[in-house]
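Both complexes below contain chain A, partnered by chain B and then by chain C.
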Partner chain A sequence: MFDTAMTANDLLFLLKGAGMTLAVTGVSVAAGTLMGVIFGVIRVQIGPWWAAPLTFLLDIFRSVPLLIQLVLGNAFQSIAKLGWAPFTTSCVILSLYTAAYCTEIVRGAIDSVPPTTRRAARSLGMTWAQDMRFIVAPLATRIALPSWIGLTLGVMKDSSLVLWLGLIELLRASQVLVTRLQEPLFILSICGLIYFLLSFPIARLGGYLEKRWSPND
Partner chain B sequence: MIEIQNVRKSFGSLEVLKGIDLTVQKGEVVTVIGGSGSGKSTLLTCINGLEPIDSGRILVDGTEVHAKATNLNKLRQKIGIVFQQWNAFPHLTVLENVMLAPRKVLGMAKSEAEAMAVKQLTHVGLADKLKTYPSRMSGGQQQRMAIARALAMSPDYMLFDEVTSALDPQLVGEVLDTLRMLASEGMTMICVTHEMKFAREVSDRVAFFHKGVMAEIAAPAELFGAPKDPELQKFLAATH
Partner chain C sequence: MFNYTFHWNQALKALPQMLDGALVTLKIALLSMAIGLAFALLLTLFRLSGSRILSGFARTWIEIARNTPALFQIYMAHFGLGSFGIHLSPFTALLAGIAFNNAGYLAENFRGALKAIPDTQTRAGRSLGMSAIQAFRLIVLPQMLRVAFLPITNQMVWAILMTSLGVTVGMNTDLAGVTQELNARSFRTFEFFAIAAVIYYAIAKVVTLAARLIAWRMFRY
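Moving on, here comes the complex of A and B:
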């Protein structure tokens, strides 16, 4: 009835690719989020005028297709003789790409904390840092979470583009198997299923946190 | 003692405080009345250092609020302020709202801060709401929580900025009762209010602001009984 030439070793090969997808996504989202938080706070603090150069730079990363960024980034590291491995290049470019989007999420979330609430915190003698840590951070995190989850899921899927730099992540591993086994529908279905299994827990975590926080708001 | 000396303050081309002079002694209750845009609320935020001033001086116990060398965060610990909008921290319970500043600003131990918070919340009649989130409470209860939150810092002075203006009429009474209680306990207070009966009842002195000028200041019996300033006469006629 249903017959496939795919072996357990092939499945393992796919799972290794999924591991690479997770690694690239994990590093990029972690570094990109950290940079996004720093850039977002800077943008709010120094105002749009002084932040214009930073905003312009981040706009480039948001506007240029990721594939072009990866190819140009790889060419740049090669010309500059940085000697980066494809994994490093991929993570650096994806981190900057993530940071560009995350900066906007963070800026919007901080701006959405009512200034009067912040003023109340400062009137109690809290410093700027205490206000940011104990009032702004928890409130802004709730607002930013759904967008950040969306960004993370997007980056996970966009990470498939790093195959152009020669990294064997999930999609590239699937392509290799498709070429060899000539069973594209079956292999791509498994590939899609693995992407879903990687994404689903992250989406659910977001849903859980939103639900847990919402009764208090 | 709070000393306000010839304070001027503008927002753009609009001068909202035009040379205010006022001294508030320890233990005194001064209420500030006047129409919208008369500069009453701005004065309070200037005393707390939340707004800069253009000229003049404000001294709190001899410390100049707007001097560069003044540590505003430290000074604000002795000047509590409660706003028209209570500005609860929505992610914290009532108890946590009140405990936060004593713990983080004053460095109190958790148990000590909790005891202080419970004491102040009991004081304002919210002992049964400790674990409640602000969103589950009425405006009046949230405003009393904001008062407890300011009191938990053991301030020497309390500034109230139209604390009943955003409340439904039936909730105004409970907040005014809390202010009356504080006044009777000897707290030094400056209250910006539209509640004339309250001003008459609790104040040692009442100041009338009109277009950025303190047009008249006197004991309540005198100010309400025999107002001299023509604008004050009009204002009182309109509010009675």
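Moving on, here comes the complex of A and C:
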């Protein structure tokens, strides 16, 4: 098992795949978080009734398998003749997927800020924007950050599904090598190790922050 | 707007086939949940056992399950195990992959739930003359399952969504597999997958609703 036909070039190929995984994750999480914060604030501001259509729409992204979403997104972009590359399609779908989860996190975090604190801010003469910026944002970030880190890692793991659209990310790269070298266990182990090394330290950081920042502890 | 004619009729004609696929999807999800719950319980016991080897094994399992993609785990079961001469069918590989994943996440949930149960409960049970196993089974376990019920429900929905990954290892009887096969024959990708999405959504919602009903029936004092 330990003598392998894998060369340094092949390893580089895997690392390039990992780079693609990180690129897709980075773009999607950045765009998804931005949308998630906006949607989250909107949902809190206009109340559950008026936000119902938005809630329903975002719920779809959480209740339909990501693989199906990717296939649908890809089919849609070809029907609408948008001419998107697989990378763009993957990022758009993954961003919406991230936004759906991020909205829940942001909503929960804003709800966790005691209303009395916010009313106190308003009665001191702060505007809504000031209240949001100086009172809600710092308090809500502490609540949201651990879950947000978890979400980021989840998106990184789920980004392996974009291989279905033909994007050569880490898992797809290892699959290509498996087909060529016929050493599935060894190559997949390396692939798993790379995922683990990317994910584990950040997961630990999230766990630490959660412990460190949880109130009443 | 679109220079494209939707052919919903063709896709709707295949609905019975797809609903059969949905049953297979549900079956895999339920089976993987049952296996996952059993293993999660075992891992939790390993962690509590105090033995270095057992708890190390449990920790390794949990960290691998939680820090690598589910698709990777399914690939490992399907392609990786071939190196040991074990050749799993797509169905078994999918089931094994999801069950492995479920066990890892559920064990972590159980750990959180255990924290919510005070140590004094076990001690009270022990001082009433229960054995360690009895105290765990009769006192700790019911309370732990109650606390962990919502995370278990979430994991069930996740399991349903994860079954769609089977199509990447050649599964062709579950909902995603059936849809992909129909799509390969007709190239009506959007129509078929849109219907599949609706079915997945409906299954996820029904399961969530059923779990809420069960929780309401079971956890009333």
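The rule is simple: the second predicted complex is superposed on the first by the 200 of 217 C-alpha atoms of A that agree within 3 Å, B and C clash if a C-alpha of one lies under 4 Å from a C-alpha of the other, contacts with A are read in each partner's own complex, and residues count from 1 in each chain.
Simple rule for what comes next: a contact is a pair of C-beta atoms (placed from the backbone, for glycine too) under 8 Å apart; a residue touches a chain by one contact, two chains touch by 3 or more.
Computed from a predicted model, the values in this text were never measured in an experiment.
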Dominant toucher of chain A (residue count), chain B or chain C: C
Which superposed partner A:130 touches (first chain B, second chain C, both, neither): first
Partner chain(s) touched by A:138 [first = chain B, second = chain C, both, neither]: first
First, second, both or neither for A:213, with chain B first and chain C second: first
Partner chain(s) touched by A:121 [first = chain B, second = chain C, both, neither]: first
Contacts of A:66 with chain B and chain C, given as first, second, both or neither: second
Touching residues on chain A, where the partner in the complex is chain C: 1, 60, 63-69, 71-72, 74-76, 79-81, 153, 157-158, 160-161, 163-164, 171, 175, 178, 183-186, 188-189, 191-192, 195-196, 199-200, 203
Complex interface listing, chain B residues touching chain A: 48, 50, 73-74, 76-77, 80-81, 83, 85, 87-91, 100-101, 104-105, 133, 135, 146, 149-150, 153
Residue ranges of chain A in contact with chain B within the complex: 114, 116-117, 119-127, 130, 134-135, 138-139, 142, 213, 215-217
Residue numbers on chain C that touch chain A, as the complex places them: 1-4, 63-64, 66-72, 75-76, 79-84, 157, 161-165, 167-168, 176, 179, 189-190, 193-194, 196-197, 200-201, 204-205
